[in-house]
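Pasting the structures in now, so scroll down.
After this come two complexes, each holding chain A, first together with chain B and then together with chain C.
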Partner chain A sequence: MARQLNTPSDRAYGLVMGLLAIVGLAILIVPVLIVLVSSFTSSTVLKFPPPGFSLRWYEALLDPGRSRHVHVALWNSLWVAAFATAIGAVLATLAALALNRANRASARAVEAGFLSPLILPGLAFGLATLMYFSILGFRPSLNLLIAGHIVVIAPFIFRTTLASLTQLDPALHESSASLGAGRFYTFRRITLPIIAPGIAAGSFLAFVSSMDNVPVSLFLATARTNMLPIRMWGMMETTLDVRVAAMSGALIVVVLILMIVMDRLTNLTRRMSM
Partner chain B sequence: MHNPSTLSDATSQPLTLDAVSHSYGDALAVDRVTLEVRAGELVALLGPSGCGKSTLLRIVAGFINQTEGRVIIGDRVVDPLPPNRREVGIVFQSYALFPHMTVAENIGYGLEARGESKATCRERVQEMLATVRMEGFGERKPRQLSGGQQQRVALARALAVRPRILLLDEPFAALDKNLRLDMQIEIKRLQRQFGLTAIMVTHDQDEAMSIADRIAVMSRGRIEQLGSPVAIYDEPETLFVNDFIGSSNRFEGSVETVASDLYGVRLASGAIWTVTSRRSFSKGDPVLVTIRPEQLALTSKAAPDTIPVSLKLSLPIGGELIHDVESPAGEAFKVASPRRPGASLDMSSSMHCALAAHAKPILFPRPAA
Partner chain C sequence: MSSAATGERMGVEWRLAAPLGLTYLAFFAAPLVILLVMSFSVDDNLGGFTIASWVKFWGDPFYRGVVWDTLRLGLVAVAVTTLFAYPIALLFVASSPGMQRLLLFIVLLPLLTSVVIRTFAWIVILSREGVLNQALLALGLTSVPLNLLQTELGLVIALTQIEMPLMLLPLITVMGQIDPSLSDASRALGSSRWRTFRKVIVPLSLPGWIAGATLVFASATTAFISQTVIGGARLVYLPTLIWQQAMVVYNWPFAAVASVTLLVAVLAGVSAFAMLGRFARTS
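Then we have the complex of A and B:
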């Protein structure tokens, strides 16, 4: 139940915190809004506020002739993100299942190891993967990009899945067993359905993070395997291309919609805060 | 009334624990426990936390493999069997209902896991819902149920697969006090109806007293005493059982006279009590005499078997008044008397504590100081 704000100091506290929250939200959201608004500009240069509004940059973005490279990069990014998330989800779930049962200190160390890509500097990690793969003699390819992305995005899934598992009452497994269910039956009927929202929430974060990843892609991508964020950076660098704003606008809207859907399905916001 | 004929056809089976021991690393949790639970009997394992009762329950369920000894259900040693093949039903303190399934799916889960046909499952689920009086709740989710209702579902789920043994792990601990009695009656009814051999683990003596046929009082991994609730209460065999069950006063004394099983015991305060005991003592032996507060009475008349006392406090507890008194020798103890409206004790006159009619003090050997 919400506590009533009644004393003057309570009210002052509420006012200050409310203002801080508004300032914080403004800092976070206003830039996004500026990009969104600018993407509808009628001008040929990117500036705010736009002199007029049109959909010309969205048309340019969709035009297969003019924006073929962007389309290829988008397709590459989606492809890599989808496979990295799918494979990462399986690996991270298996890792979480194994570590959740282990109680030893070594298990905690392994857990920290799995989570380390979240903390390590992305550029160092990108360089490391490039050197590692070239030592092993691999040629850059989409498959290598998928491998690199798995390592950096699997921790998202690992973390949310482990959180779901630790909240799982061990008595549920024991109940299932005493009712006659074998291990696999228990996993399929009890464990998996209960942790599925955790896996889904982590997968969503992982997918978005892969789509957005620059450091690993920067080192592992080639001209033929161009990735969307890097392509967009390239377009910005040479011509301040307004299509970048249009692309950003499209991505923002898609992610927002996905986020609302995911939140409905899995309480994403609650899981992210763990 | 629901006819349970189709459910109670599983013949009940005895359960035997044969010198079962279990240690966690170096810590001995269960120490050579031997226990025979008769077919259709409900035995309560009663003891403080850490006495090994829960470990014993988990050994029977198959969640733990004991380090030594055998578990026998019917005439079959079940030790090599994993939990899912022991046909032992368990109701957890947390009920452990599957949160993502409806009540009906929960109850049908065990049947489906065993590969029963859909029709059989549906039929049995309806039957079980009726048995635990939860018709109409089949489509609810567990979180939409009260504690008592969740427990009924947990029972129905455990019983739906017709287990040979039913285990109850602190079944009433999570329930409101006034709901407990209802559920105790409910569990007793189901256990009788299904003719189930059952073990209940509890640290609450009232629960054990009210529904168990026999109680095994446990301490430090061992069974201190196994007997009917009345025997456990009236004839505790060890000081631990005496202190753990109910409330009890202790007096130090020594044996003055011996006449077959009748002992005259002189207490520190000088009073002489005549006590029967199955244990044998000789003249001069130091002893402890224990007696329940309700077997003592306050009187104004002094006699050779009374202790002069001063009243420190009287508390009305339920239908009783509990008097906290002290003898001149410094022995503090409790006396209970029925509470009558309007009646009050005469605090001014000197007071004495006497054995009530039919009082049965118990003698324990006391290590000489």
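Then we have the complex of A and C:
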């Protein structure tokens, strides 16, 4: 064990770092908790702490008459996220298999290209897709939104799949081949079971980020093909609609449950800090 | 484990990369080319060639100010998230496995919660009747409610929470790989904890910080929802300008100029962080 000098400066270090960590953790989690609690308010204005508790805003949110637009937007978002994730998972897994262990410059450049939507400003890309589709003469539709979403969410699956492929021992491939197994059989019986958790974790992140996507949906969604985050933004801009709190509360709980399930299945928390 | 030689022999199977590659060409590269062409167009049908939009954008001090404010917002977000992320990462590394799971959970939950929801939460907290003002009034720290919405301070506070997970995840990963005996050795040789932090922990965790800073910078400069909702009409950043020009004013060539500027500005910032990393490693 190291010799512990307990000088005033060392004590100050512990105090400063400890305080900053506590404030930082509070900044991270308290807003989420405040929204969760406020969503159960009985009042028509959003105040914290709420004067009383009720489920009235959840009822308003579920009411097909009053919240029809929200339901349409939710359904559109789920539809787009499901298709974009499914197609993205196939494309990104194939690409990860191709670039696995390749250390040629050309392969590394392609890899950087596939990951670049993570860094590029999504808003510039969103506007670019709107211009592109309108010049090609396409009318706004959910299919265009799926195409736009695939580009921005595929990198999540590509990255986690690539990471899980590095844990695959090439000797397994060679022994499978030397025992006479075909390439597809080797993929199905050896590679896929090993990389499946990586694909699943990436797909989960991709699905969540598609549901949450603003930059692309902002330009490609129309009144008919509205998406949930854009709809919620509209509800926030005009009045402080308490239904947004109920919507938030519901989504937080869904994410919480999905996180626990995914953590059990794929060790998501560890994969995300890789 | 695998050797570089095995990788060389396996080569690249381009056929497997083709489907994603072609999708990117059709729906990623092609739109960006159109965006660039649009910025030199006379109208929104790509008719004619002109540099008028570029001259109008860069000739106007207001628009140059918007570019500068956007970059500064990104840098401030990096600075503030760094201030909190290092202490949290130090706490994480020193914690038991059970505590580490809880901390990761606290980091991941906001990350997976919609940006719209997180922005909404900050309206509840920062508004005149909000949680923060109630607390400050109750504690007697202020006699009149502070106006934090539509201020840069309010936006930075909100962005701190929204962007911090992006800084924390890579930082925690890298700090977890630092051999604790290095810090012990530094302490045993008589260095103070501040000096150990500065001379051992910061240099060794730099790759993680650079990865995090890149993500925070790229994300904060493009955080359209937070910028419009918390910044309001008084604070204008490039994403707001792009949206207004494209969807309200319908001046597509001008919106394209602003978009290309945002793209180049973010790429320049990201490359600057990457170069900083290379410089720190060689010196």
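FYI, the second predicted complex is superposed on the first by the 250 of 274 C-alpha atoms of A that agree within 3 Å, B and C clash if a C-alpha of one lies under 4 Å from a C-alpha of the other, contacts with A are read in each partner's own complex, and residues count from 1 in each chain.
Simple rule for what comes next: a residue touches a chain if its C-beta (ideal position, glycine included) is under 8 Å from a C-beta of that chain, and two chains touch if they have at least 3 such contacts.
Owing to the predicted nature of the structure, the values given are computational and were not obtained by experimental measurement.
> Identify whether chain B and chain C fit side by side or clash on chain A in the overlaid structures.
fit
> Looking at the overlay, what does A:Ser178 touch: chain B (first), chain C (second), both, or neither?
first
> In the superposed arrangement, which partner chain does A:Ala154 touch: chain B (first), chain C (second), both, or neither?
second
> By the touch definition at the top of the document, which applies to A:Asp169: first (chain B), second (chain C), both, or neither?
Both partners, chain B and chain C.
> If you stack the two complexes on chain A, which partner ends up touching A:Leu256: first (chain B), second (chain C), both, or neither?
second
> One more residue to check, A:Arg189. First (chain B), second (chain C), both or neither?
In the superposition, A:Arg189 contacts chain B only.
> Could you figure out whether chain B or chain C reaches more residues of chain A?
Residues of chain A touched, chain B against chain C: more for C.
> If you stack the two complexes on chain A, which partner ends up touching A:Ala95: first (chain B), second (chain C), both, or neither?
The second partner, chain C, only.
> Which value, in Å, gives the least CA distance between chain B and chain C in the superposed three-chain arrangement?
After superposing on chain A, chain B and chain C come no closer than 8 Å at C-alpha.
> Touching chain B in one complex and chain C in the other: list those residues of chain A.
169
> Across the complex, what residues on chain C touch chain A?
Going by the criterion above, the answer is residues 1-2, 4, 6-8, 10-17, 19-21, 23-24, 27-28, 30-32, 34-35, 38, 44-46, 83-88, 90-91, 101, 103-110, 112-125, 129-131, 134, 157, 160-161, 164-165, 169, 172-173, 176, 183-185, 187-188, 190, 192-194, 197, 214-215, 218, 221-222, 224-225, 228-229, 239, 242-243, 246-247, 252, 255-256, 259-260, 262-263, 266-267, 270.
> Which stretch or stretches of chain A touch chain B in the complex?
It is residues 169, 171-172, 174-182, 185, 189-190, 193-194 of chain A that touch chain B.
> Quick one: which bits of chain B touch chain A in the complex? Just the residue numbers, please.
Those in contact with chain A are residues 61-63, 82-90, 92, 94, 96, 98-100, 109-110, 113-114, 157-158, 161, 163.
> Applying the document's contact rule, which stretches of chain A touch chain C when the two form their complex?
1-5, 7, 9-10, 13-14, 16-21, 23-25, 27-29, 31-32, 34-35, 38, 46-48, 90-92, 94-95, 97-104, 106-107, 110, 113-114, 117-125, 127-132, 135, 147-148, 150-151, 154, 158, 166, 169-170, 208, 211-212, 214-215, 218-219, 229, 232-233, 236-237, 240, 244-245, 247-248, 251-252, 255-256, 258-259, 268-269, 272-274
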